[in-house]
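Every chain is named by a letter (A, B, C and D) in the order it is written, and numbering of its residues begins at 1.
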């Protein structure tokens, strides 16, 4: 998938397109970060809805139609996340890379391997 | 911010780092798309919480500490979105660009300018 | 609205009806608390969607059609909340009364009046 | 649990207590339905967080500490739902009973039993 970035279909081009899309429709006045955060949560709920009654193991292999639906919803979530980040002058990819480094320090691999996590979260598991 | 993608701090590198992070901790077994969708919604709620009592106009200019907090939470949302997309073999940037094209057809600029939208959503406005 | 409880259209009757509704459809096997929590979040997002582009002050006076829509969605949220609570042998009204008492101790009125809260949440004010 | 309503610890008393609680703190100005909908979604996410990595079957038998945590969160969700409904002059219990009747007509038991639902949602199941 590396071609995606190489070909220029990257985050910056997405943000530029989103600004033009909103400007063409005069929607900018609606795009308070507060409102965009609400819209982001609504789009994420559309992903949650797809999985709400599905068994966890089955969610790893959705049928073709469900995967297409998920692709649209994942696209919508990234669209609203990028719009929100842009309003706040935050680069979402930089933010994710920086947060992942913080998570590395917060959850050292040696002390956070699955078995202990399982026990911590789920005492019933013998 | 174009250097971000050029420098390789792009979506693909993020996904590669996330896979290594989970593998080092044996967390892969928790990462059903169903569970990742739940975690994504929890991270988005942390953004919503920041804005819940804030006036919309003020949300455009958060103070420095709030912006730093938002940067972390936006990073977490993109982290879980990228992990979810990866499990489903979906490229989140391709999905967003494709969905934006669909939105262009669904909401033609000429028929979807703000005034009519305002009226549609808010009949009380004069 | 006191007649509501007096007339027996209370929480207990709602829970009894919900159990019969699920039993008639053999839906009980889907109703893990985990799945019900997801469904609850999806229903709440339908309320958030109604308000996402609406100004806060206007949200206090929705038009008649919007209020009817909100009534349905509030009903759905209470339905899933009651189903989730029932699965966990928790009485939602007892839980709410008990939590409110905890909140009283956590946020003493004398130290938590609006002005200070506003300043705490929004340093830009004044 | 019928004593709960009989004893007066019902929805109406909860709403009356919530109004007094907010009035004592001058919080009423924050309580736009829009803001309350956001707060409601944040509280629901605290329930989702408890279950996000837990297996569905295990979520039916949480340990004692987790059940106590869930009781608090379910209480918070009902608190915000009741506050939101009150601002809109909606009785949440009446709304839930009315919506359940609508759902009865929308999903007739004869045509909506589990097996077909399972197949509809999950084509992979044998």
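Here is the rule we go by: a residue touches a chain if its C-beta (ideal position, glycine included) is under 8 Å from a C-beta of that chain, and two chains touch if they have at least 3 such contacts.
On a predicted model such as this, the values are computed, not experimentally measured, just so you know.
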| item | value |
| --- | --- |
| Candidate from B-C, C-D or A-C with the same interface as A-D, over half of contact pairs in common | B-C |
| Chain pair showing more contacts of the two, B-C and B-D | B-D |
| Whole-Å separation of chain centres (CA-atom averages), chain B against chain D | 26 |
| Distance between chain centroids, defined by C-alpha means - chain A, chain B (Å) | 4 |
| In chain B, residues with contacts to at least two other chains | 30, 35, 38, 41, 44-45, 48, 51, 53-56, 117 |
| Chain C to chain A touching residues, read off their complex | 30, 35, 38-39, 41-42, 44-46, 48-49, 51-53 |
| Interfacial residue positions of chain B with respect to chain C in the complex | 38, 41, 53-56, 58, 61, 63, 117, 121-125 |
| In the complex, chain A residues that touch chain B | 1-2, 4-5, 9-14, 17-18, 21, 24-27, 29-30, 32-35, 37-38, 40-41, 44-45, 47-48, 50-51, 54-57, 59-60, 62, 67, 70-72, 74-79, 81-82, 84-85, 87-100, 102-104, 107, 109, 112-115, 117 |
